[in-house]
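Supplied in structure tokens, the structure appears directly below.
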Amino acid sequence: MNFSNFLLMRQEIALLAIILLLLIAEIFIPKNKKESIIHLALFLFGIHTIIGFFNIDENSLFGGMFRTNNLIHFFKNILNLGVFILLLQSADWIKEKILNQNKGSEFFILLFSSLLGIYFMISAGDFLMFYLGLELSTLPVAALAAYETAKRISSESGIKLILSSALASGVSLFGISMLYATSGSIYFDELLLTLSSNHLSLLGMVLLFAGISFKISLVPFHFWTADVYEGAPISIASYLSVISKGAAVFILMILLFTVLQPLADLWEKMIYFIAIATMFIGNLFALRQQNMKRFLAFSSIAQAGFILLGLIADSQLGTATVVYFVLIYIFSNLAAFGVVQAISLQSGKERIKDYEGLYRTNPNLSLVLMLALFSLAGIPPVAGFFGKFFLFTAAASEGYYFLVFLAVVNVTISLYYYLLVVRAMFLRKGENPIPFFRNKIYMRIGLVITVIGILLLGIYSPLYDYIYELSSVFN
Amino acid sequence: MDILSLFIVVPALTVLVLIFTKNLKQARIVALAGSLVQLGMAINLVFSYVREKEVNNAIMVFTKDVIWFKNFNIHYNIGVDGISVALLLLTAIVVLAGVFISWKMEDLPKEFFISLIVLSIGVYGFFISIDLFTMFVFFEIAVIPMYLLIGIWGTGPKEFSAMKLTLMLMGASAILLVGILGIYFNSNSDGGALTFNILEIAKVNIPFEVQRLFFPITFIGFAVIGALFPFHTWSPDGHASAPTAVSMLHAGVLMKLGGYGVFRVAIFLLPEGALHWSWFFIILSAFGVIYGAFAAIKQTDLKYINAYSSVSHLGLVLFALLMLNKTAWNGAILQSLSHGFMTALFFALIGMIYGRTHTRDVTKLGGLLKVIPFISAVYVIAGLASLGLPGFSGFVAEMNIFVGAFEQEDIFYRIATVIAISAIVVTAVYILRVVGIMLMGPVKNDAFLNLERVRWYEKLGILLLLLPIIAIGVAPLWLSELILQSLDPFLKGVL
Amino acid sequence: MIEGISIYEILTITSILFFIGVYGFITRTNLISILISVELILNASVVNFVIINKYLFPEVLQGVYFSIFIIAVAAAETALAVSIIISLYRQISSVDVKEIETMKY
Amino acid sequence: MNLNYVILIPLIPLAVFLILGLFYNRIKPAISGYIGVLGLVISTGLSLYSAYQYFIVIGKTEGIYQTLVEKTVWMNFAETLHIDMGILVDPISVMMLIVVSVVSLMVHIYSRGYMKGDPGYTKYFAFLSLFTFSMYGLVLATNLFQIYIFWELVGVSSYLLIGYYYTKESAVAAAKKAFIVTRFADLGFLIGILIIGYYTGTFDFETLNNPEGASILNWASSSFMGLSMLTWALILIFIGGAGKSAMFPLHIWLPDAMEGPTPVSALIHAATMVVAGVYLVARLFPMYYFVEEGYALNIVAFVGAFTALFAAVIAITQTDIKRVLAFSTMSQLGYMMMSLGVSGYEGHEGLGYMASMFHLFTHAMFKALLFLCAGSVIHAIHSNFLKDMGGLRKYMPITNITFLIAALAIAGIPPLAGFWSKDEILVAAFEHSKFIYIIGLFVAGLTAFYIFRIYFGIFWGKEGNYQQKPHESPGSMTAPLLVLAFLSIAVGFIPFSEFISPDKAGFETHINYPLAAIAVIAALIGIALSWLFYKKENTLADQFANRLGVLFTWAFHKFYMDELYLFVTKKILFNLIARSAARFDKKYVDGTMVGIGNQTVNTSEKIKGLQSGKVQDYAFAFIAGAVILAILCIYIWS
């Protein structure tokens, strides 16, 4: 075979190289200079992110196991960007870990391998690659969730994550095996041809769907989310809620729109109800959360519910809106988690109550958080509004007006609890508000990028048009 | 830069400058300068509109159309007709007055003025939008600052009121979104591309079933902010808790978005739906008119009284809009304007009285005419204007509404109209009650005897609002002509 | 190919195996045994793949390869899980599932 | 020949009002008084000149007085329907101009003395000018809507002037009452206007009143509950008029209105504003007469007659002299209405109409005079009540004489003004229906009785115990008295029927001696009785009162009308409707909205148990969800 084809895997290979480099660096960097590995990792990944934007031609490798096209490529870039921001935001935290507990460089290695898994997952051409990618993306995160060995809840969340994910992957495997049984192949494009709506393949589809829903944390497969987010380090929670969820949405979309296309009318019904359940459960639980991380966890569940409105459209419009929304969602959620990260680093406070009077001490942070929450709530002119509006448009384009109606009801509910946080920051004076502090440079860059994203992504329409063009590939 | 986009840009620039201001002095100067410029632009717009209208007979003039999201056929599409011109002028005046009234905003002045101006951006944008999507965007931009404005600078149970207000209005706008999508996806019923452009949609005839389904949704979506019974309950609490300038802006301008939206979207785009549903909403609004007036009688908090009177007056606006003829519509728009000025004036005065006496409970006040004659005298005038005395704007508006409403032969409409008219007596009752208890009579509390006289900036704010009321009331012709000539396009749908 | 045994029996067994795993996962109180139940679930699908490959589509060995990968991954998974369990055990000196309920609601 | 300068008559008082109002605290009180009077002098001059021009110089063309109209569009409703602003000059409007000017001028002059030293001097004159302006506008109105506009304006200026002593609770209450009651009546007026506007397509008096015009000829085109729509409209409009002119049962505001300064009562609540109702009916007389054979007109007649009687009876029992005058005003207004009601249209038929206008004219003079005299008395002894008065004739000779003249005039003793007008009214009534005539006659007697009752009560009888010796009022006050006294004598000799008649043609009137004699006798009887009762201190009156018993007490309490109104407003409107509306709003409407929110929060509290923290529950939910989905997919949906 022609080795130039390997250029299709450029990003995967580059990331692998980075991981190896970091391993070597881990060995050679002396103990007292360990924190310099942060700069190294940031630098390397930054380069990687930038290089990622050079485009790659569409093709597939290994007899279709691995494939890539512009949309997938674009999505990988989105993820890169997200991870990069995430690294910027967690740099200080890791530094502190390195200095105090003399551990932390493995953080990057694990994180990157998980990202590598995601790469493989979303550009998988058959279920084997998909499965490997899935596991590779999950297991390191479980390790990272249990990263703070000193904290009990950290280990708890680790266990909850690994057990649940093991169950989920087992179930989805079982489903895959059934799909295999009906069609005799694990390759997507072959499956597409032979798949018919017999009981076995339906069961297979449902189990597979359940397995992926677990990563997107759709009701009723969402229960692990809140606990894991709460226990895990903030960076990991934000990684789970942003990167891995986004990737899972993407792959689910690919599967539904390509492989499971023959069963469309069934999974549309399925998504219809799951969307309703997810939005309501997510919102109702988010209402009464006191802990910022749990709060964001449930809000992210609700957001997943909204995303399904785009999936249900099952059209180019659907694809475009979903990708667009995920992009915006990544920025909004990263901004929110970033602020939470910064504050908990400074004061170790994570409860909403602790945020009272924040505006009067740290106006900029509170503004960032407010923008992020408004974007999540979908209030113009920040990006989230456009994302949501287009999702609803997608659903309405298929005539799901009632679903849209329920969705807007949920938007109102969600606005309530987002405003609760705003209330804490702006309206309340607070008896002992968090004192003023300046963020380190990395954190500031990380927040600024997200804010720029939140402000511009919506208004800047060519972006959406670009995504729309890319999304033609699946329909 | 075209004449209309300035209405977005200038406030935006004002906000940008405000961000860098240090203290109250700078902030208020900047805000004042900004809103003065806006007022200038609004006045200029009126004249240039009249000039433009002579040569250009389009429905909307000064149109500007920039494509935004081409896949959804979303445009940044702006233009004005007589109605929006008038409402823009109203907005500019009320905003300026609001700045004057909050001249002494001690707590977080910068943020206050920023939110105020952002709100006005939303309102301006809403009035000049021709594109449903843009309109909706500006609608929500206008609503959301209310939360901070009431929540931070308000009084009393401010957090509760702010939350209630925001949720009810945003909930309404969320429902409205469904309506808008419904209209959008039926905007090509006779071929062509889907569009959000109001003028385009008005051309196509949307199937009756669709109109019947989406008219109530759209109507309610807008009417909630127009304080339609029974969705008005956000307004009394909201007004009561809001700081003066915000009450002014909210009651004076923001609540007009409801009537305007109902007219421009629900009735203009879904006329058959309007014909089909008008009876139902006429019952609601007519009831709201009389009900709000009666509810106002028993209130003791000045702001509650005014809030309920707003419910009554704005009920009249919706009532008139649903009468589906030019005279009534003209009346509705005039009523929107006159109520805008009057209620803003009321809230300004209430704010001044509260700032001096530290109470809004009429039973605790008395004999203010003796101690603060100017404010009290203007309050009497505002009261007389509000009960529809000739020579003030309210009379002109109401007469148009009633005459228009009488053009409906049907006995049902007659009864509804008589009910609505009878509200003028009840209005007189609660207005004169307040005037009698609060301004006249002996001075109840010796502490009032040495109240601070009116300050220059307060005077300016008051006059700014009082003059239009009298101007419209004495010489209504120019304004009603301005509006009347813009009503024909709306008419063809409902005939 | 085993003489006299059709695919149905075997698939039935694997299904039973799967649900035994699930049952174990839900009822066991010891984290280790829960882990073992997970293994059962995974193995059910492993067997599935092999059998389906052998009985239905003997010409290409997709299923078999798949099963090998599953086993490898399962091993990694278990190792990781056990390590986390140990780190928990260091703190609370217990591997009872009842002990990991501090975060709820 | 054009009368455009008539437009100045209303504009001058407006200018005065604006000057005084805007430079409120810059002008010295004295100056403001002069400004006010000066303005009125000009207006009066113009009014008289225009009258001269209209009646004498221009005179009749082809047998009738032409109606001159100058107007401009003020606001457009629809293509045809619009409000005009302008001036309409015809006999009755000119006549009214004179009434308003003269009385207003007198009151202005009088007030300069009466209000001297009052803190709100300037404000007072400003309000007076405002009122005068509005009244002129009302009189000159060219269409129903213009008249309604100024109708409201006189209403509000009356509100302001009644509530002039705004620190007095009673004054405030009275002002409020006056405004709201009339406002309620105006509701009827407005609806009437709307009906007319809709069914005739115009508000213009010319078009409406044209007997051959479409609006009158097709009155039967539309009907509602058995009556023509136009009849309904006219009845509703009459309700409006009844409100302003204090016809029963909308009269209750007038007695309380006496809380205002006395000159104001003289101007507004005796001479000018209260006759607006009569003027309105007269203005629309052709419609009233022709539409449905004058169905509405009969109502006018009977309401008028009843009010005349009702008010006269009450007047006898009151002890506050201003209230006595107020009820007398009501009764006289009833007289005018009655006379309108009994009138015809053509030629001599229109006697009632003419008589009513005539009486309006004369009444304005002598009733204003009565009030001003009362004012000067009150000014002197600082009390309104008969019990504090008596024997004032030697202290206040001029007041005494003028009051006597006025009293004789109102009693209808020849040759004073009241005699002529009242006589015409009785003749008209006699020709129309005996029953009404009897009432009229009886009322004439009562009038004489109660007016002399207070005359004797004030100027004769036992001296009240005065702190300091009462003294005659200053010249600025007595001069108007004398002028008005002269007028009360003189105006009776104007050949009114020459100028004013429904068809504007004018006609000859001859005094009907037998009827006149009867009327005079009735009046003399009344005077004689009061002489007996009140000239000297005695108990006859009380005995008589006790004889009447319950009737007296009822009359004394004004037949409990106020109490009735209080019950309706306080109990029913306020407590029953308003309060329940307020409570309903808080409790149910708002409750629902808030309830929805709370319910959501409660739900989230209830279902929190789902998130139990047990990983095995999660697993179960996971599997259960998968299984359910599978079942749905396989067995339900496909």
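Note that the chains are named A, B, C and D in the order they appear, and that numbering of residues resets to 1 at the start of each chain.
One rule holds for everything that comes next: a residue touches a chain if its C-beta (ideal position, glycine included) is under 8 Å from a C-beta of that chain, and two chains touch if they have at least 3 such contacts.
Just so we're clear, the structure is a prediction, and the values are computed from it rather than from any experiment.
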Looking at chain pairs A-D and C-D, which one is connected by more C-beta pairs in contact?
A-D
Between chain A and chain D, tell me the centre distance in angstrom, where each centre is the average of that chain's C-alpha atoms.
79
Cα centroid separation between chain C and chain D, in whole Å?
98
Would you mind pulling out the distance in Å between where the CA atoms of chain B average out and where those of chain D do?
37
So, in whole Å, the Cα centroid of chain B is separated from that of chain C by 66
Residues of chain C that touch two or more other chains: which are they?
22, 25, 34, 100, 102-104
Where in chain D do residues touch two or more other chains at once?
597, 608, 611, 613, 615, 619, 623
Could you tell me which residues belong to chain B and also touch two or more other chains?
167
By the document's touch definition, which label belongs to this structure's chain graph: line, ring, star, complete, or other?
other
Chain A touches which residues of chain B in the complex?
68-72, 74, 133, 137-138, 140-141, 144, 147-148, 151-152, 158-159, 162-163, 166-167, 170-171, 174-175, 177-178, 181-182, 184-185
Interface with chain D, chain C side, in the complex: residues 22, 25-27, 34, 97, 100-105
For a test of understanding, state which residues of chain D touch chain B in their complex under the given definition.
73-78, 81, 83, 145, 148-150, 152-153, 156, 163, 166-167, 169, 172-173, 175-176, 179-180, 183-184, 187, 190-191, 194-195, 197-198, 573-574, 577-579, 581-582, 585, 589-590, 592-594, 597
For chain D, which residues are in contact with chain C within the complex?
608-609, 611-616, 619-620, 623
Where on chain B does chain D make contact in their complex?
164, 167-168, 229-234, 237, 291, 294-295, 297-299, 308, 326-327, 367, 369-370, 384, 387, 389-391, 395-396, 399-400, 402-404, 406-407, 418, 421-422, 424-425, 428-429, 432-433, 436, 439-442, 476-477, 480-481, 484
